[in-house]
Amino acid sequence: MNRREAAIDLGVRAAFMALVYLAFALQLPNYYTVHGIAALLDGAVLIGTVSIGVGITMLAGEFDLSVGSLAAVTGVVVIKMVGIGIIPSLIVGVLFAAAIGALQGLIIGVLGINSLVFTIGSLIGLRGVALILSHENSVTIPIDQLSDTDFFTTPLLGVFSPLSAGMVIVFVVAGLFLRFTRWGREIYAIGGGRTEAKAAGVPLLRPMIIAFTCSGALAGLGGAVLSLRLGSATPLGFDTLLLSAATTCLMGGIALEGGRGSVVGIAIGLFTLRFLVTGVASLGAPYYVQNLAAGGLLIVVVVVQLLATRHRQRRARMTLALQPG
Amino acid sequence: MQSDGAVLRMRGISKRYGSVTALQGVDFSLAAGEVMALLGENGAGKSTLVKILAGLERADAGTIEIGGVLRRLRSPSQSLHAGVAYVTQELSIVAPLSVAENICLGSDRHALWSRRRLDRVVRRHLDLVGLGDIDSATPAGDLSVAQQQLVEIARLLSRNARILILDEPTAALSDAEIEKVKAVVRTLAAEGRSIIYVTHRLGEVFEIADRVTIFRNGHSFAPMEVKSLDVDRLIEHLLGRRLEQMFPERGSISGPVVLALRDVTAPGLREPVSFDLHKGEILGLAGQLGSGAAAVVRAIAGVTPRLGGTIALHGRPLDARSVRNAIAAGIAYCSDDRKRDGIFAVRNLFENFTSPALPRITVGGVLSRGREVKLASDLAAFFEVARDRLGSHAGKLSGGNQQKVALGKWLGIEPSLLLVEEPTRGVDVGARAEIYRHMRGLANQGLAVVFVSSDNQEVLGLADTVATFFRGRLVRITAAEHLKPEELLRDVTHPEAVAAGGPA
Amino acid sequence: MLRTSIRSFGLPLRGLAMAAALLSPLMFGHSAARAESKGLLVVFMPPGTDNYLAQWQKGARAKAKDLGYDIKIIESSRDQAEQDSQVQQEIASGEKVSGYIWWPYVNAAGTGSLRALSKTGVPVVFTNQYPIPGTEKFWTAYAGVNDFLNAETAAKALVKACAESKTVKCNKGLIITFPAGYSAGSDREKAFRKAAPNLTVIQSQPSGFMAQEGYKTASQIIPAHKSEITWVYTENDSLADGVIQALKENGLQPGKDVLVVGGVCHGDTTNLLNGSLIGTGVQAAFLEGWSSVQSTYKYLNTKKVLDGAVYLPDDPNKPPSDDGAPHRYNFIPNPWVTNAKADVDSFKLWGYPFKELCNY
Amino acid sequence: MTSFRPIADVAGAGSGGEFDPRVATRRRRVATAIVIAALVVLAGIGGAFTPTFLTFDNLLVVIRQASITGVIALGMSYVTISGNLFALSAEELAILTACIFGWLMRAKFGLALSLIATLLFAGLGGAVQGGIIALGADPIITTLAFGGFFRGLASVVSQNQNILLGTDAAQWLGTGRPLGVPTQSWAFLILTPLAWIVLQKTRIGRVLVLAGANRAAARSAGLRVGQAALLGLTLLGLCCGLAGISAAAQFGQAVANLFQGLNFDVVAAVLVGGIALRGGQGSPIQAALGAAFIALLQNFMLLNDFSSGWRMTVVGSLVALATCLFHILQRRRE
């Protein structure tokens, strides 16, 4: 896929997102009011933040399955520590999650083990840790302190609350990092061609640790912020987060084999999915319609992508040997 | 530091892979500003040595001194820091990244990579390798293989390394590009950098190398001045035998026509191609990369679609729209990349040998172990693969043995036509002779064989008939006996000079 | 070149059209029903994939229709964060809502969203999960089950059955609960232990909601404690179904060697009728939904809440009256039914027979 | 027309001549040996600490526990060995088939017809995914998408109600104990060697293995690579169908929230069994052993009253450790 094709691909996905938006906006006035959009943005914060982390590992040709469990552990940790203050506990929580992510990246990088395989272990194990830390119960902050985190969602700038503005900042920073820094491009490099990148002198461990630290930290950030805002954390929480985040990335055109995709794509995938899920729920349709619609949509994306790829391959096959000679 | 000006001194380097000794106490040194060629059969240890130097492999024993300082080279980046840059045999281009990013990849000089800044950094190097007119922001995957190889060289230039390793850099390049690479090598040496040049092409040794180090069976021999050598002496050192022994005797061809192409066009061909191939005949298609030689066999094998003309097999029209069709018609095809699609590296030889002939070892959908063992051992015996290797993974064999498997498995389908691209790519000299002998043996037993090769010696030595290709056109078809090496070389490099001589 | 690449992307565009066609029926199915009505009730709840919740929805819809209200049920995924986002979305929609009914996925974690709902000034009726102390100012009334009562009833019935049994002398037994971390589960366990202090618990094991999960857990623990088990308490009858099968496979006769109590009719009645269960409590999901809507209505009608708790009468034939103000806590009844067929057949609550309330 | 025949006819070959491929490949069965050793060690430790652990009854329980996960893991091992990583829709397809079976039984289609129709549907559900994957789609994304879709369909079929089968006709399938061994365990014990035989001894099994080992080489050897994904996913679908039917039959009811977390249980079994993710290597027996090992461990922890938190932590760490161990072994051998 060359640059123009990539741009067209992104354009088609964006058009698709707009279509989903319009389909629901016709029915739901809150899709175009300031409050409604603000709520849509706030509702996208958790999945958006975590999706970037998952997306970064996918760009590196890896897959972090542990994000949901890690978000739950971090939520429990942060709520238990909230006595030291909201922001300090948030920072500690994110550092904790980043450390776990870095450790995973280190093990995966040093052993060269497939992360899909390794993180199934941490997916199960970290959930167990969350249960142990919380004594198998929800942990809460005192009710009179609930309003302490109100500032998270108080409108700040038009449709942006500090929370959604934070998400936008995360998106922008991640985008700039991936696009314009050596470390960011190394993540693409090890995803686009592991042995090639190694042969070119990229130290594989560094991008690997960075990618998993990002996904750990962002999963932790999502889990911590949401838990603080809700005033409690449950060890069983964030169960569906992994699938949502993965679906977001896939809808946004992040290739599972690594190296291809962009933060803009993740944003498009995120809102395509959020428009759909929020819309279905707001209409009062049963939950299974969400399943059907999201599953069906993803099937459509898979099939269309497949047909487009095959078409391109057929063309490439015809012109394969027609190189200037 | 020694007074002889050695920038690199490796002492007592040993390396084992499992039970195989790749290097045994090898000493190696390199002087500043020299081009040192490394020669040796595959598996002789030269690639292992440069990989250790490049930080891709770790030596089991031995020391490495660079610029008089002892170094531990545990990773490519450590090697880079020590001033060693490496262009691999396999490409190290990351397809989704841009050309500029690929050049800067692995260097830690700039933390921020904006497009404009990178372009400024790499422009000079791109100009030097003749890629001055491409946009450095193009994804490298969009370039041709040769261009990618040049990008790698440009990367190497950007490294400012004192020691440059080029591991068979010209294997996939066309002549014009090879010239470019050689020119770059000479420029670099003139600048005072030392170059280790790993190659299989003896000609290149004489053209650019100052000294040559020969490897045999994991040992290295003392470097020799190239000026003091000629080709025969070099080959003698390399093999311990003479070139003539390499190619088997030709037989006489009198069989019926097996394959007939009439005005065939296919992707990669600019003009229609026609020829006949007889039973027991070996046809060599000679040509450099992009010449169209490979395009012909790919069209016959159903890998790429045939765009026009007719192909007849045993007088009946063949319409192979896929590889499966072609196989069903009795056509066996070996690509030029056996690791990619020739062998199953993680399966044993039984399974490899019988893979195209499953129907033959199956009774009612169930595999018969007896038949499988019989077929595989017969094939192994035919190709002289040691029987006790049959249980090991194909990936563990030497390049030569792998090639025997990739070729030999086809006999199970009882083919009437064998198509082979680059039959001895990545195969050491000793095993080459064996493969030539087997191919001739097959032809003698009545198989029609077409092979594609960019190795002119191979074409001249092995083929009965030679078809030369240049830039998508068939230049001419000649009996190999009547073809002089100089003519062949001209045909595949600049046939305009002999345009009057050929029918095409 | 450009033209070919546009052609190659014609495929995705065609895909878009297909997707849009798939989506459109979904769009237009809904707004039609909004005829003349007294107002709109909005329910937030976990997904109805669980049959209990689906049954609850039926009751709520039936009562809302009865009272002339529109009802919109917003189901979340199994995620408190998602539910919170739905609350924000609904509040932002500016839709005119007469009352909210709130069923958090995780009770404690839902407090923030509950608070947000309360700030809109629209009455909020809490249901199913017993409100956490301290959140009183965020909700208008509670209507639904009482997990403590429920477990207590089960415990009392078990103690009584033990006393009456000629074959078992109850001492040691097992508790099989809802999954770890699920608050209704720990509430029930606590209340059960408190109400039956003389029963010795060998092991209390979190399991799930369904018979299969109950079986999975029980079939592993029971062989080890075969000789000493005299009773088993599970947190609903589906789990009990699993336990009963495991007991039988280990050669223990439920009702004779071991007394099993589930306490909440759920799923199937086979084991109740054949005596494997000592009885069951009719905590009907249908009635819980029904009464949540009724309590909302009663508040909207009177704008008043009476202090304290009330157990809605367990009149067999007549549902509680729609008149008057709701109490602060409105618990649906949890009448006990023995395993006698006559008892089951004749049972009625608020005019609904046992079969209708318990088989879903 | 003449064909080239350098090789004598193999049809008359005997039982294997002087070469036995098994001898040569024996040393590669390390992974299997490790899992078996781990099973024995765990059983020994368990027996020493927990008196009831090593009783016949308890071992029967363990096998019963391993059965559903194990049967699906057999199907999953085909998917993995064929080089298609994992299918993340096994849980959902099992739920859907349970609901469909329940629905058919309730609608009085009769046991035989319901069984056949359900299994057909299950196979079809797998085959559709397999077909799309065979065309070149990514297996993870495809199965993820179908998983959501199946889950939604299960809700539609069941209307989110408990579907009561209303007849005991199917009960035996879920609760029967021929010779004292539960039907599920019979299925597991019979299907495991069967799966091994199909993979090892049949032509289509060989195609699957070769396609997993090197897709391009298989294609250029003229094998139908698409068959591998199709076969793997279809068999997985059938295994899911068996699990669904057994679950519905066991209690005479089906509901849309069965099998919570089954996907990862199955994948964990495949990984603990030491099957390499890159395909072309491993055997269904390893998946079966993996499932048995996890069941044994779970049982041990349950009997010793580990909290669910600790149980999950231990199992998770085990999966991580096992995968690291097998990975290192694999790497050392290469």
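Note that the chains are named A, B, C and D in the order they appear, and that numbering of residues resets to 1 at the start of each chain.
Assume contacts are C-beta pairs under 8 Å (C-beta built on N, C-alpha and C of every residue); 3 or more make two chains touch, one makes a residue touch a chain.
Note that the structure is predicted; figures quoted are calculated from it, not measured.
By mean C-alpha coordinates, which chain is most distant from chain A?
B
Quick check: more C-beta contact pairs at A-B or at C-D?
Looking at A-B and C-D side by side, A-B shows more C-beta contacts.
Using mean C-alpha positions as chain centres, tell me how far chain A is from chain B in Å, no decimals.
43
With centres defined as the mean C-alpha position, give me the chain C-chain D separation in Å.
Chain C and chain D have C-alpha centres separated by 34 Å.
Express in whole angstrom the distance between the two chain centres, defined as the mean CA positions of chain B and chain C.
From the centre of chain B to the centre of chain C is 70 Å.
Approximately how many whole Å separate the CA-defined centres of chain A and chain C?
Averaging C-alpha atoms per chain gives centres 33 Å apart.
Would you give the residues of chain D that are in contact with at least 2 other chains, written as numbers and ranges?
Those would be 151, 155, 160, 256, 278, 307-309.
What are the residue numbers in chain C that touch two or more other chains?
Touching at least two other chains: 48-49, 179-180, 206.
Identify every two-chain combination in which the chains touch.
All chain pairs meeting the touch criterion are A-B, A-C, A-D, B-D, C-D.
Inside the complex, what are the residues of chain A that reach chain B?
Residues in contact with chain B: 2-3, 180-186, 188-189, 191-193, 195-203, 259-260, 317-325.
Residue numbers of chain A touching chain D in their complex, please.
63, 107, 111-114, 116-118, 120-132, 136, 235, 243, 246-247, 250, 256-257, 286-296, 298-299, 301-303, 305-306, 309-310
Would you tell me which residues of chain D are touching chain B in their complex?
1-8, 10-11, 13-17, 19-21, 23-25, 201-207, 209-210, 213-214, 216-224, 278, 280-281, 334
Tell me, which parts of chain A touch chain C in their complex?
Chain A reaches chain C through residues 4-5, 8-9, 12, 15-16, 19-20, 23-24, 26-30, 33, 35-36, 38-40, 42-44, 46, 131, 134, 136-140, 142-144, 146-147, 149, 153, 226-227, 229-241, 277-278, 280-290, 293, 296-297, 300-301, 303-305, 307-308, 311-312, 315.
Can you list the residues on chain B that touch chain D in the complex?
Listed in rising order, the residues of chain B that touch chain D are 279, 314, 323-324, 327-328, 330, 333, 335, 340-348, 350-351, 355-356, 358-362, 365-375, 377-379, 382, 387-388, 390-392, 395, 409, 411-416, 442, 445-447.
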